[in-house]
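Common to both upcoming complexes is subunit A, partnered first by subunit B, then by subunit C.
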Partner chain A sequence: MTNVLLIIFAITLLYLGIAHRLLTYIKILALQGVLLFGIAFIELIEINAANLTFVLLETIVIKGIAIPLFLNYVMKRNRITRDAEPFLPNFVSLIIITLIIIATFILSNAIDDSRISKIYFVVALSTLFTGLYIIVTRHKIITHVMGYLIIENGVFILSLALGNEMPALVNLGILLDVFASVFLLGIFVNRVGDVLKDVDVDQLKSLKD
Partner chain B sequence: MTGIYLAGGFGLSALLFFNRNKIIRYLLITTFLLLQIGFTVYEYLHPGTTELTYFSADSLAILLLVTLTIISIPAFYHSYVYLSSKQDNPKHTAIYYASMAALLTAINAAYLSNNIAVTWIFVELTTLAASALIYHRRNNRSLEGTWKYVFVCAISITLVFIGILFLSFSLPQAGTDDLSFNNLLKKASRLNVFWLRLAFIFIFTGFTAKLGLVPMYTAGIDAKDKAPSPAGALLSSVLMNVGFVGIFRFYIVIANSPIHSWANHVILIAAMLSIFVATVYMTRVKNIKRMFAYSSIEHAGIIMLGLVAGGVGYYAAILHVILHAFVKSSLFFQQGQIYRIYQSKSIYDVGNYFKYNLTGAIVMLLAFFFATAMPPSGLFISEFMIFRSLFEANYLWILIVVMLLLTVIIWAFGKNIFKLLFTPAVDFKEDNIERINPAESISQFILLGLVVYLGLNPPQEFITLIQEAIKNLPQ
Partner chain C sequence: MISLILIILASLFFSGIIIRTKSIASGRKGPGIFQPLKDVIRLFKKGSVYSKTTSFIFQIAPSIYFASIIMAIMVIPLGEYKGIISFEGDFVFFAYVLGVGKFFSIISALDTGSSFEGMGASREALFSMFAEPAFFILMGSFTLLTGHTSFQEIFASLHFGSYISYILWILATVVLVMITMVENSRMPFDDPKTHLELTMVHEVMILDNSGFDLGLILYGTSLKFAMYGALIANLFMGSFPLYITIPLFFGMQMLFAIAVGLLESFTARFRMNHNAQYILTLSSVSLLIFLGVLLILGQFS
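Coming up: the complex of A and B.
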């Protein structure tokens, strides 16, 4: 069952590659939150109940509901246009993300450790690199934040791979999540929108040598 | 005592945040400094104690703690001068002091923590506090600097976390699940090599954002440039040391594992690229503060070379870290005065500094000699030892390239500093420039004096502490 969920998760990455509108990105992030909820539920069922509740609440409430709603609010408030404005055509994105997944498959064959299941490793790493790819190839600051959130999801999957033995690490991952969301989104909603009207990375190019 | 300090530090920071009364603010800051000094003295007198499970005062922590306390006092003083020199919004002033106190507390905790996960948490907190300081001026460009700093630091913190995850994958083979540095050191030879390599790459890359090495150095440059100069002094001295602590403590573990020489190659590449990047930018940078920031990148590279070379290089690396913190913070403190006279940071707008601020110009000249590691600077001693260890470790070609690059850096640095000191400024109106009180430079003289003293005639206690800090590295 976890394998099915993880594969669906990998498919959402491909969908990210061809998505046009920011709203689609937000929906994908929400879906990923729900998928992580499922994976965490099945995988961590052995750890103590309080901790499990905490992890599940974090995935479903923060990742699945709060952050997507918040991103939606930021988009409306700052009147950000709907298009994701990639530098590269979507077809190329799709190919590159596929290549990322294939590359992590090949990389995972180098592992000779029976305790860590390879599918976690593959999905986590490809999520990570897809997030980086999204950051590099999109114009708007808000898509950079979304790319970062995708990276966070990848890290969360990776921490689940060892979740039963070291649940403390899953909690640390959640701490990272909370920290980063407060941080990036907090600054975003407060200031960037007020100072720079249509938010675009091109406006952040004055500091250089 | 650590518990009291952490509660007190963050508590005072919260009080500073909510308080709007001037007198109470100064009282709170004095209390914070007393707490900081008291805590440092306590830890100095009780070396090796572990408190709250996760904080132990080993010799490296004590050395850096004392460095931090010495720098924090002038940092608050110069912040006071900076903030009272203009009509500032009381809310912004409150946020400034509160985040400075929080930053210092978090840095302290990061020095003391003996568990890589705890170090990681406090490094997160330093990013949070530092970003409030960088954003202090609240204009477009400081927003840009803050945004870049936050984003790059968030990414690098994530990288460190991934590294910690990989590290935990390597643990079951050694039959343990404890991430404290001591335990990792004990089990170092039995950790799974594949995961350990990945862990090292990610943790090293993540901490380079704080230390200021290739690849993640970029955010630090903008941050040090846009932050007010007293805050810039903290960012380029004590906050850099946080990155060093993270890398160094993990490096001790790696040095006792089978991948030591492989890790040395990784660090060597990062260090050489850092010195190269610093050289390239130093020759063309026109902003004085950014020039200082690039000089920090160069010194971070030299410190890493000391680690790579081994032998006497380990000792020299720690010495270099401490002395560099003193030199660089005094340069940044002094930069605040330059800005007040010329209202500009560009090298084109400044000049003839001796005429307008004699004491400040002397500090600038001295600090330039000290930062480029010329005698009698203590950095000369540490750099010389690092070069010697490189020679002894048969890194002759590396040594030659580094020396060539350093020569270019000294030339570029000197060109700009002598322009500032002696060449008359173009179109500069001398009518109502601010008179700078010479007393404002006293702290810089003290810091520079310390650099000479600790470099040329180090007290026995100081040497013992450094030797204690490197005792777990293979000789």
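Coming up: the complex of A and C.
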């Protein structure tokens, strides 16, 4: 069952490659939160109840509901335009994300270790690289934060793969979430959308001491 | 043999059901189910008009196109009953026989010398090119999963047991449906009802065809739909006896036609320059099917 959810998770990455609007990105992030909830629920069922409740609440409430709503609110408040504005055409993005999946796939086959769970490894690593790719190729600051959230979903999946042995690792993954929320709050509090008119990363270069 | 007869029977009402679904969905009274068939029969009774700039290619292309579709249908099995032609690796034959038909329809469009038709031909070639890897990765995954290389053996030994096979089956159905839409130039990729030559894909290629030739091409579209519908129905059949598979076959065709009608009623066409990326998504999804097959086989865990 987790394999099914992981394959759907990989499909959301492809969808991310061809999405045009920021709202679609937010919906994908919410869907990823729900998928992570499912994976965590099935995978971590054996760890102690308090920890499990914490992880599940974190995935469904924070990843699935709070962050998407908050992103939406930030977008509306800072009057960020709804286009994702990639540097590269979406067609190239799709090819690159597919290549990322193939590359991680080949990489995981090259690692000859029976202890790692390969499907987790593939999905987690391709999520990580897709997040990096999204950060590198999108104009707006808010898409950078979204790319960071995607990276962090990847880290979460990787930590789930050995969550039963090391529950602390899952919690570490969750700490990253807090870090991302600080990013978000930074955009929110400083109202970057208003100070720099276009919310364009190129203009950050003019910021100096 | 039985699959050929069933597919031809299904093709008689397929376009009609699509049109009927569209008319019901948009609140019109609409034509009857056999209206497209009557149109084809009317066209068959007419003679063709050939422009002076065209050569013999333009005259033979519709027949070759139609023949290629019939050849492709002959390969398709029904559950465990073989098609008329069945050999190892026949899915490659299936794809490239259709490719020959498509090639002839493309060069006949170029033969007319119309710039619009050349444009349509270019688009059709591009979209088919992107749809091809999706089909081959999908069939390759099934070949790997079952260990057989002909349609009949693949479909007879497909069976679903674990969770992961259900998702593969859903994804395979989605990929096949979308390939059908690309190959037939239907709604999300091309609007068959558009009136502007600049935005047409398939319709603009057949602007110069008339009479009998046009009839062949139009009926070929119905046949192609029924053919892919049979392919999708085959995914579900396994090795059931005949009295289950035949109702299942017609049920699937009906469901497929209604689904196509609903899709055409409620979605807008993709922008032309975005089509390529949507079609390429199919290949990426097929790649994930391949990954899933490796998981089932335990090559990769």
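Going forward, the second predicted complex is superposed on the first by the 195 of 209 C-alpha atoms of A that agree within 3 Å, B and C clash if a C-alpha of one lies under 4 Å from a C-alpha of the other, contacts with A are read in each partner's own complex, and residues count from 1 in each chain.
The criterion applied here is as follows: a contact is a pair of C-beta atoms (placed from the backbone, for glycine too) under 8 Å apart; a residue touches a chain by one contact, two chains touch by 3 or more.
The shown structure was predicted, so the numbers you read here are calculated from the model rather than taken from an experiment.
Superposition model on subunit A: subunit B and subunit C are shown accommodated side by side without a clash.
By the touch criterion stated above, A:S159 is placed in contact with subunit B alone, subunit C being left untouched. By the touch criterion stated above, A:L94 is placed in contact with subunit C alone, subunit B being left untouched. More residues of subunit A lie in touch with B than with the remaining chain of the pair subunit B and subunit C. Of the two partner chains placed by superposition, A:V61 touches none, neither subunit B nor subunit C. Contacts of A:I8 after superposition: subunit C is touched, whereas subunit B is not reached.
Applying the stated contact rule after C-alpha superposition, one finds that A:L176 touches subunit B and leaves subunit C untouched.
Between the C-alpha centres of subunit B and subunit C, as viewed from that of subunit A, the superposed structures give an angle of 150°, to the nearest 10.
When the two structures are aligned on the shared chain, A:N109 is found in touch with subunit C, with no touch to subunit B.
Here the smallest spacing between CA atoms of subunit B and those of subunit C, following superposition, is 16 Å.
Partner subunit B is touched in their complex by these residues of subunit A: 110-113, 115-116, 128, 141, 144, 148, 151-152, 155, 158-159, 161-162, 165-166, 168-169, 172-173, 175-176, 179-180, 183-184, 187, 191-192, 195-196, 204, 206-207, 209.
Those residues of subunit C that touch subunit A in the shared complex are 163-164, 166-167, 171, 274, 276-278, 280-281, 283-285, 287-288, 291-292, 295, 300-301. Contact residues on subunit B toward subunit A in their complex (touch as defined above): 117, 120-121, 124, 127-128, 131, 135, 140-141, 143-148, 150-151, 154-155, 157-158, 161-162, 164-165, 168-169, 172-173, 177, 192, 194-195, 222, 225-226, 281, 284-287, 290. Across the interface of their complex, subunit C is touched by residues 1, 3-4, 7-8, 10-11, 14, 18, 89-91, 94-95, 97-98, 101-102, 105, 108-109, 117-119, 122 of subunit A.
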